[in-house]
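Chain naming follows the written order as A, B, C, D, E and F, and within any one chain the residues start at number 1.
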Amino acid sequence: MSIKNESNKMVNGFPCKANVSADDFSFAGLANPGATNNTFKSKVTGANVQNIPGLNTLGVSMARIDYAPGGINPPHTHPRATEIVFVLEGELDVGFITTANVLISKTIKKGDVFAFPRGLVHFQKNNGKNPAAVIAGFNSQLPGTQSIATTLFGATPPVPDNVLTMAFQIGTKEVQKIKSRFAPKM
Amino acid sequence: MSIKNESNKMVNGFPCKANVSADDFSFAGLANPGATNNTFKSKVTGANVQNIPGLNTLGVSMARIDYAPGGINPPHTHPRATEIVFVLEGELDVGFITTANVLISKTIKKGDVFAFPRGLVHFQKNNGKNPAAVIAGFNSQLPGTQSIATTLFGATPPVPDNVLTMAFQIGTKEVQKIKSRFAPKM
Amino acid sequence: MSIKNESNKMVNGFPCKANVSADDFSFAGLANPGATNNTFKSKVTGANVQNIPGLNTLGVSMARIDYAPGGINPPHTHPRATEIVFVLEGELDVGFITTANVLISKTIKKGDVFAFPRGLVHFQKNNGKNPAAVIAGFNSQLPGTQSIATTLFGATPPVPDNVLTMAFQIGTKEVQKIKSRFAPKM
Amino acid sequence: MSIKNESNKMVNGFPCKANVSADDFSFAGLANPGATNNTFKSKVTGANVQNIPGLNTLGVSMARIDYAPGGINPPHTHPRATEIVFVLEGELDVGFITTANVLISKTIKKGDVFAFPRGLVHFQKNNGKNPAAVIAGFNSQLPGTQSIATTLFGATPPVPDNVLTMAFQIGTKEVQKIKSRFAPKM
Amino acid sequence: MSIKNESNKMVNGFPCKANVSADDFSFAGLANPGATNNTFKSKVTGANVQNIPGLNTLGVSMARIDYAPGGINPPHTHPRATEIVFVLEGELDVGFITTANVLISKTIKKGDVFAFPRGLVHFQKNNGKNPAAVIAGFNSQLPGTQSIATTLFGATPPVPDNVLTMAFQIGTKEVQKIKSRFAPKM
Amino acid sequence: MSIKNESNKMVNGFPCKANVSADDFSFAGLANPGATNNTFKSKVTGANVQNIPGLNTLGVSMARIDYAPGGINPPHTHPRATEIVFVLEGELDVGFITTANVLISKTIKKGDVFAFPRGLVHFQKNNGKNPAAVIAGFNSQLPGTQSIATTLFGATPPVPDNVLTMAFQIGTKEVQKIKSRFAPKM
């Protein structure tokens, strides 16, 4: 559906190109590890409809995630996709929590595959001494991500303190301390 | 698809009943306010395929949510549905956070309608002096819920401390204090 | 999918707004009873993508239906949605007919929930002495409605008499009498 | 998905056969005209998952409709499918009504194709002097049908008289007269 | 969804017309046999969203296929649809191959129906002495077709010889001979 | 939907397990290169619902494909999925053919991503001197595969010679020669 003869056509909110080439279906940006010198010592690099125009309407995308030793892809959800990962290198402690509040977790290592069901909170943590990396597949051209702590403590405008104190059963001071660490543009 | 002549048939993981009656399509359990004498001073009562068998395969359900003064339906997601609420009584501060980390929030009062997009973290808080209640509609026969704090700090087995310290940028002691408040079977 | 950075973008036949606010996700128009001083003594007020732009692509909507004593929401279908109702006040005799031509009906009262499966003919009638009202949830951003008698006897241009005489097994005079009561712009 | 190795398996409410043959994908029952010596002088013969087991999960089916001179396929809906017809022989006056209550109609003849959108009320009438027939395609393995007059005036148990008098703006006597013509098992 | 009040609107890559008429839902182009004086002695004529604008978003289409004696609709796939055919005249040897590499085949004659599951390679061959024709129904507004031999041996630019020699286990000379018969614009 | 309390339940043709563990969501079988000492000098190893039970209903799967130097994953289709690949090592010439019969091809190397749209014929060939490997993601729990030459020349029972001679414009002797190379159980 994404290959049409007319120009300037939009389908699904993205261009429906008149003349496609192989470049519309490929991406080189996952070849190298992402920079992990940040708070979470990890980096997610997407390969989705935003950098592969030909994926429009095709319902699939990928991402590469790199983790320095000690790094984490903190608890998050993808509102529009199930995720499945293949470990490129290293070792990761991964898990997701079911709607019955059961943690399903496992240590996975190079070559292992693990699936995180659609919409459920999940995480990966590199508790090893070496860098780790995975390739993730999604059943959405743009899965979207909500990183839980950043969403709750770093949104703009901020989520009200009294929502967070009650939700997490902590004091206002503690909420503000956490918020200070997720201040936008940090 | 949920009305068949054969007995003992399952469709979609739920019974496909041979003889249906109006009772398979109705539910009286939302008539009265749910009990709000709990931690969050709120109560969600579902009207989905678990108590309305005829909803199987039909893609819709409802819930009633009651909030005592000061009560909260803490930040949570529905992995399988968009939610739309109608305020039965009272006033609520509601909000959801987009994947661009923008808080979309509003004070809604009796008679107002508000929509929470599929999979996004959202909450409702009763900052008024009177009880509040909403009727929620979902585009799933069983939307599922992940209450964020309970999911992260109250799962069984527990999410590892070092995942939570790094995710929320807090100390182990603080994580354990929060966990103590979400201990299962509290 | 309905929140994009580019302007003037359309998705799904509706605007995909560049900057959204809480107003794009809320609607106050269901707060008060609709006017029921009409032929059917009832009024349907929609809360869908036409007045809540943020619902675009999200697959859900609501409506409020008011019924004066004796009022009816006459037999109709929604081509694109299952409906589930919650009774706000009063008492209603409701029903739908299955594809096996079985009437599934029940008297529902304040607080009851009842589901009408996708695409099936259904109705609600207030046989009580007091006004009644429901909040309806749909699994479509714009469910559409075909009110059967109005569709068949009030369409423009009119459905041919000989279709209706044969369909309803009545005479031309009777068809024309019914048509006169459903004349457009009445 | 409908071809599996295990026996006794059900998918989607229908058997998922262990060993399939060409007979599971074919049907000879549309070869001859259906008997039209009935009230509507027409006959619908389905070719769907009920007589072509291999169609299970495949989302498509067919039907043959025969019309004696003067015959009608009276106004009806398919809750789960769009319909497209090809005229095998004869000439038909066909139409559907939109949700804006506009009749879209046309006389179609041998070789013509016409589409009836999902869920909308539609009809075909043979106003010619010769028999007519169509082959219909549906995007559902079992589209389901609600023939409007039979649904409203011939359901079991019956739709209450006061629903029909008000809906059609006619008297109880007229309702009962119509009902007598749609009595079940006629 | 394809009937809107605004003009110049596109939905799904096709126009969403402001004012529709019956002509937007009909097509006369399947009335006569297509010309079969070609390599395959067969002709496929589509009745889809490209010539029936009203089909946009409705998920269904048709085609007529004519076969001279000895003609073939060579092995092909429809990437987006299941196909079901009704034999208008003549006799055909039809078949599809499952993902377990089993050929499901049958001789079908006038009036027979046969289904070809979504995405699987299938063919029809007229081994009789008379012309044959079918009407096909699809669960897509534009099913798309890949005729296998033409796809592999007639693409522009050409599929590399060494892909085809290895795939078919034949020599380069044989590949080039086949390619010469599928040269574009033949 | 795949985590239920009842035992012996089937959903979607696969078990819906009562008690799940991390093993239901993981698979170690992609860790090592598959054996490529075969006709095509390549090996596809799936990681789908057949070896990861927890994927049931989740719409995603993976595969690892290994290619010896000179190896090919010959032209094939996945009837139920789009595919996206990430090159683990080596270099591959890949391509797919559109429904307009245009070859979209490219040489991709370690770290590159390439997408093959749903249902279209595609291939990968290792024209380099070193082994190559990719990880593929699919938007189906079981995408299915039809390898074109094997499907047409190696099916059981065999596709009739006269279908293949006409389809490929070659002689019976040539067809039989190709068939001999795709004899089942070779």
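The rule we apply is simple: a contact is a pair of C-beta atoms (placed from the backbone, for glycine too) under 8 Å apart; a residue touches a chain by one contact, two chains touch by 3 or more.
Protein identities per chain, from UniProt: A, B, C, D, E, F = Germin-like protein.
Just so you know, these numbers come straight off a predicted model, no measurement behind them.
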| item | value |
| --- | --- |
| Equivalent-chain rotation between chain D and chain A, CA atoms, steps of 5 degrees | 180 |
| Matching chain pair for C-D (criterion: over half of the contact pairs shared, by residue number), options A-B, B-C or A-F | A-B |
| Distance from chain E to chain D - Cα centre to Cα centre, in angstrom | 26 |
| Separation of mean Cα positions, chain E and chain B [Å, integer] | 47 |
| Inter-chain centre distance, chain A versus chain C - centres from mean C-alpha coordinates, in Å | 40 |
| Sequence positions of chain E contacting 2 or more other chains | 10, 95, 99, 105, 117-118 |
| Contact footprint of chain A on chain B as seen in their complex | 39-40, 72, 74-75, 77-80, 93, 95, 97, 99, 101-103, 105, 117-121, 123, 125, 127, 144-146, 148-160, 162-163, 166-170, 174, 177-178, 181-182, 184 |
| Complex interface listing, chain F residues touching chain A | 2-3, 20-23, 25-32, 47, 52, 54-55, 58-62, 64, 81-84, 86, 88, 95-96, 98, 100, 104-106, 108, 110-118, 135-140 |
